[in-house]
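Okay, so here's the structure we're looking at.
Order of writing sets the chain letters: A, B, C and D. Residues in each chain are counted from 1.
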Amino acid sequence: MSQDKRASLAEAASLVRDGDVVALQNMATQLAPMAVVRELVRQQRRNLGIVGLVAGIPVDWMSAAGVMDRFIGGAVSMEQFGLCQRYRKGVEAGAIRVEELSETALNSRLGAAARNLPFLPTRGMIGTQLIDMDPDNLRLIEDPFGGRPIVACRALVPDVAIVHAHRADRAGNVQLEPTAEWPDLGIMPKAARRVIVTVEEIVDSSLLRRRPDRTVLPGFVVDAVVEVPFGAHPTSCFPFYGYDTALHLAWVKAARDDDATEAFLDRYVREPADQAAYLRAVGGATTMLALQRWEHA
Amino acid sequence: MSAPTTSTPASAPAAADAGRPAEDWTVDELMITRLAACFVDGDQACNGMASFIPVSAFMLARLTHAPELVWLASAVGLDPRPERVPASTLEAPLWRDSVMYMEQFGDFWNYALNGRWLQKFCVGAAQLDRFGNANNSFIGTDYHAPKVRLPGTVGMGDMGSIGKLLYYWNPNHNPRSLVEKVDFVSCAGYLGGGTEREDLGLVGGPQLVVTDLCVMDFEPVTKHLRLQSVHPGVTVEQVQAATGFELVLPEGEVPVTAAPTAEQVRLIREVIDPDGMRKRELGKR
Amino acid sequence: MSQDKRASLAEAASLVRDGDVVALQNMATQLAPMAVVRELVRQQRRNLGIVGLVAGIPVDWMSAAGVMDRFIGGAVSMEQFGLCQRYRKGVEAGAIRVEELSETALNSRLGAAARNLPFLPTRGMIGTQLIDMDPDNLRLIEDPFGGRPIVACRALVPDVAIVHAHRADRAGNVQLEPTAEWPDLGIMPKAARRVIVTVEEIVDSSLLRRRPDRTVLPGFVVDAVVEVPFGAHPTSCFPFYGYDTALHLAWVKAARDDDATEAFLDRYVREPADQAAYLRAVGGATTMLALQRWEHA
Amino acid sequence: MSAPTTSTPASAPAAADAGRPAEDWTVDELMITRLAACFVDGDQACNGMASFIPVSAFMLARLTHAPELVWLASAVGLDPRPERVPASTLEAPLWRDSVMYMEQFGDFWNYALNGRWLQKFCVGAAQLDRFGNANNSFIGTDYHAPKVRLPGTVGMGDMGSIGKLLYYWNPNHNPRSLVEKVDFVSCAGYLGGGTEREDLGLVGGPQLVVTDLCVMDFEPVTKHLRLQSVHPGVTVEQVQAATGFELVLPEGEVPVTAAPTAEQVRLIREVIDPDGMRKRELGKR
């Protein structure tokens, strides 16, 4: 009944242009669209501004590979695997600019963009210095009804949103298994100009019709949908598979050293020609089966 | 996979003398029992990432004095029954067997911002100052050229301003984490102290700081951090030496923090956190 | 694990006091908490302000019974059964005051209340006279970032929200079967000071835990949960049962005449002592079975 | 219950001469075919309550020239396959077999307000004036003491202001429903005409009015309603007599609205609306 939005990873990644503001789904170690992230590194995209609530390893890889020069959002952390060292070095060296936002500020900025509003207000951040650092986008305004001032958070329209989910049909209608619904999927695709979705599998619409309440994104907002099994690896995709502890630890170790970082990126990001080659590089079926059992989570 | 859950008989105090002080508690266990005491039946608790000590505290409270503590694990899973504390406090194993998955963009903040619900938050911070302001943004003097870039504040940047009661935990009490003035206020405490917070119309605010050395509250008028109790075996001098500003002392003798009971220690070690995830946060002093 | 929120209809209705602003779930012929509405009529509650997006037969019954004197919201209509005649007469006679809001205005006012914000903005209604009629609550304000003015919609905090759903546990955690999720359930219970929920059945929490993604309201916001089978009748509760065409038509006919209106209210609203008696009065098992088959829908 | 759906072969044009004008069409069918022509592949259409004619139009468009018309039934069910037009266009039988249930508070308005999606709306109104302003609030002069209280505007109060393209349908063209000036502007059309709407920063706006007598569009400069075509058998004089203001006429002869084809009539009667729900909206003149 609708247009066919299926695309290859390369085609999807070509929707991202140098300098774009890219809203990236991720929650520390969860559900990042890693296959697209790797493709952006391979295609040597430059000067991206990454928007994230809590971004983890994808931001560290993109920092290491020189893909991004701005982070707009809440935090960058791999939780129990620690801070993102390459991102941190980039910021401390002045190569990556941070526009830090509280959670309600980021949600409000993206929410305003989705609804074509100039801003949405929050009472968060009052008293903090976060407001002072971002006068272009955060402004204390009077309550027209006589109460205390509140913070107007200016609409933030990303050029592209990139998200990962469990399944979609060809039209790009996206379903999520019952799991955490982080704000990313709830708002990024609605705020952005273009939308890339990777999914574990593309299925016939008839399968979606069996559980219409699990569809979280209508196809008409989606520009490209790409089938990538284990597309969130090494982040998790509950309930299908857990985050890859070994690969996270290997990255943390490599990230301490410039040469080791490059070798890691070559081996796991630049050299694998496709998703199958990548999965072989990270341990193949044995690793994937262990992740499906959530053995290290 | 048939682990004890919060409602099984195995979780109930087992022995008549379970209330006696433990003989071999460790400081992580003491921090957990002290934090647990802040949460009572009817509270709604909620944890963020890398929060092994608060999560253990919620689980302990539910197993002991607050069986009707509502817990929204990772701000996602309502009243979960995790098998034990997992390796991440932000991943699905924590919200196992929940009664609800709360959507984050639209819904979680309806409750968090409302003011009536989710009143108490446990907060960890890289820097905390004498007036309870916290910093998770950067160390240094220049936002755009920091000495150290910290992870960022996310929800903390909101929680300090929207009327929540904040409970800080700090497993590594030292002069770099407890400072005279934070390099950057990314979570609003009592700002410059006194009525400054109140004057801005902010309600709630920091209540308590539980570290690996002591417990601190806030002097009601100046809003200056005040020693409430030192942990068994720790001296006031040790606390002062580990603190980057002059502590306010309570009137009279400084009390000693109550040690965990034998039963609390048993629950933490055998039921709640047999893998010792809580210890990950310590020892970085 | 949580408090027991179970209550009788009478106890629940006692949470509503004369003069209260009451947010009422309803969508023309769908999912209204009718058992509580009838209880409010029986208890002769007075001077209620009813908040609704699209309210139907409950507002007509409460208008006829003199329970309400204000309507704040979008529309009052029973869709294919026409306008609500008793409500309309009340408004035209000056007995019921209307504060009409567009859909985004109502959503914004309730959304602001839920989030403890003084207002939320919308771009709806600009150019209409709706804004002019409600200066206390709708105000054109400047965009602090230099764009066009927008409409600030002042927070509306109902005293009570009353909703109906498929099931809940004793703690008041509420589940909805996959169906339309109208704004009412999405926002009213979060905006209001007190919350009454009626459900088709109260079940053990373990049943909710099987489908945590279907839980739409956490128990900690709920003050009273009442088990009332067919509690939405004569409105529908998809997929369990359809709206009652015969009773809607009988009401439309009765509402034309004062005596017939009183007789209808006596027979179906005031006299049945409990839900079982009400269900017998409206046709008993035969009717309920037909409604479960959606025969007239 | 094994009714034809929009994708079954039974729905496809059956005969080679299906494109010929029907011999016995009725005006409800003509209104449906005219509205259907406004929707093309890739549009996202959405209906509200008591919208039997627009719903029939969407279903017809999907069966004929716009198989990829996205339809969000009742603003709830995406790409549904209803068995037929049911007795309510706001109840579940309409969104049968949907691919998505869209949540209304948080989510529907993300798309509706955005500006890029759900561009076209069909609107019914108790009063419509010469500049396309609509009123569903009240008849009379006093908001608080109306002569007639109308149902209310709900989403219409927004749709006129947020850049949508509005298609009015009116099955009872008469001087009380097509008026010089609405008693109350509850849905913004071109306001006082000319550039008044534009000056307020509003984009989009009313495009067409399809009644049981004629089709009207808007004169581009004055934004005054203009006769586009009269239905077969209706005279310009009849339209003028049934209209509460002076119509603007197109240049040259007034065209006649194309009659439905035999195939369109067959689809409407046999597949889309065998129960004749569409006729409920007529005959109240």
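Keep in mind that, in the parts below, a residue touches a chain if its C-beta (ideal position, glycine included) is under 8 Å from a C-beta of that chain, and two chains touch if they have at least 3 such contacts.
Worth saying up front: this structure is predicted, and the values here are computed from it rather than measured.
**Student:** Would you mind naming the chains that touch chain A and likewise touch chain B?
**Tutor:** Shared contacts of chain A and chain B: C, D.
**Student:** Centre to centre, by mean C-alpha position, how many angstrom separate chain A and chain C?
**Tutor:** So the centroids are 39 Å from each other.
**Student:** Hey, how far is the Cα centre of chain B from the one of chain D, in Å?
**Tutor:** That pair's centroid distance is 58 Å.
**Student:** Check each residue of chain C and list the ones that touch at least two other chains.
**Tutor:** Only 111, 116-117, 122-123, 148, 178-179, 186-187, 212-213 qualify.
**Student:** Mind pulling the chain B residues that touch 2 or more other chains?
**Tutor:** 77, 101, 103, 105-106, 109, 113, 162
**Student:** Line, ring, star, complete or other: which describes how these chains touch one another?
**Tutor:** complete
**Student:** Note which residues of chain A are touching chain B in the complex, please.
**Tutor:** Of all residues in chain A, those touching chain B are 27-30, 53-54, 73-77, 79-80, 83, 87-88, 91-92, 94, 97-98, 100-105, 107, 111, 122-130, 133, 148, 178-183, 186-187, 236, 238-239, 242-243, 245, 294, 296-297.
**Student:** If we count contacts the way the header does, which residues on chain B are in touch with chain C in the complex?
**Tutor:** Within the complex, chain B touches chain C at residues 6-7, 42, 44, 62, 67-68, 70, 72, 77-79, 97-102, 106, 109-111, 113-115, 117, 162-163.
**Student:** Can you tell me which positions in chain B touch chain D when the two form their complex?
**Tutor:** By the definition above, chain B touches chain D via 103, 105-107.
**Student:** Give every residue of chain A touching chain D within the complex, in rising order.
**Tutor:** Touch residues, chain A against chain D: 1-3, 111, 114-117, 169, 171, 173, 186-187, 190, 205, 208-209, 212-213, 215, 218-221.
**Student:** For chain C, which residues count as touching chain A in their complex?
**Tutor:** Against chain A, the touching part of chain C is residues 116-123, 139, 141, 143-145, 147-148, 150, 152, 154, 178-179, 211-214.
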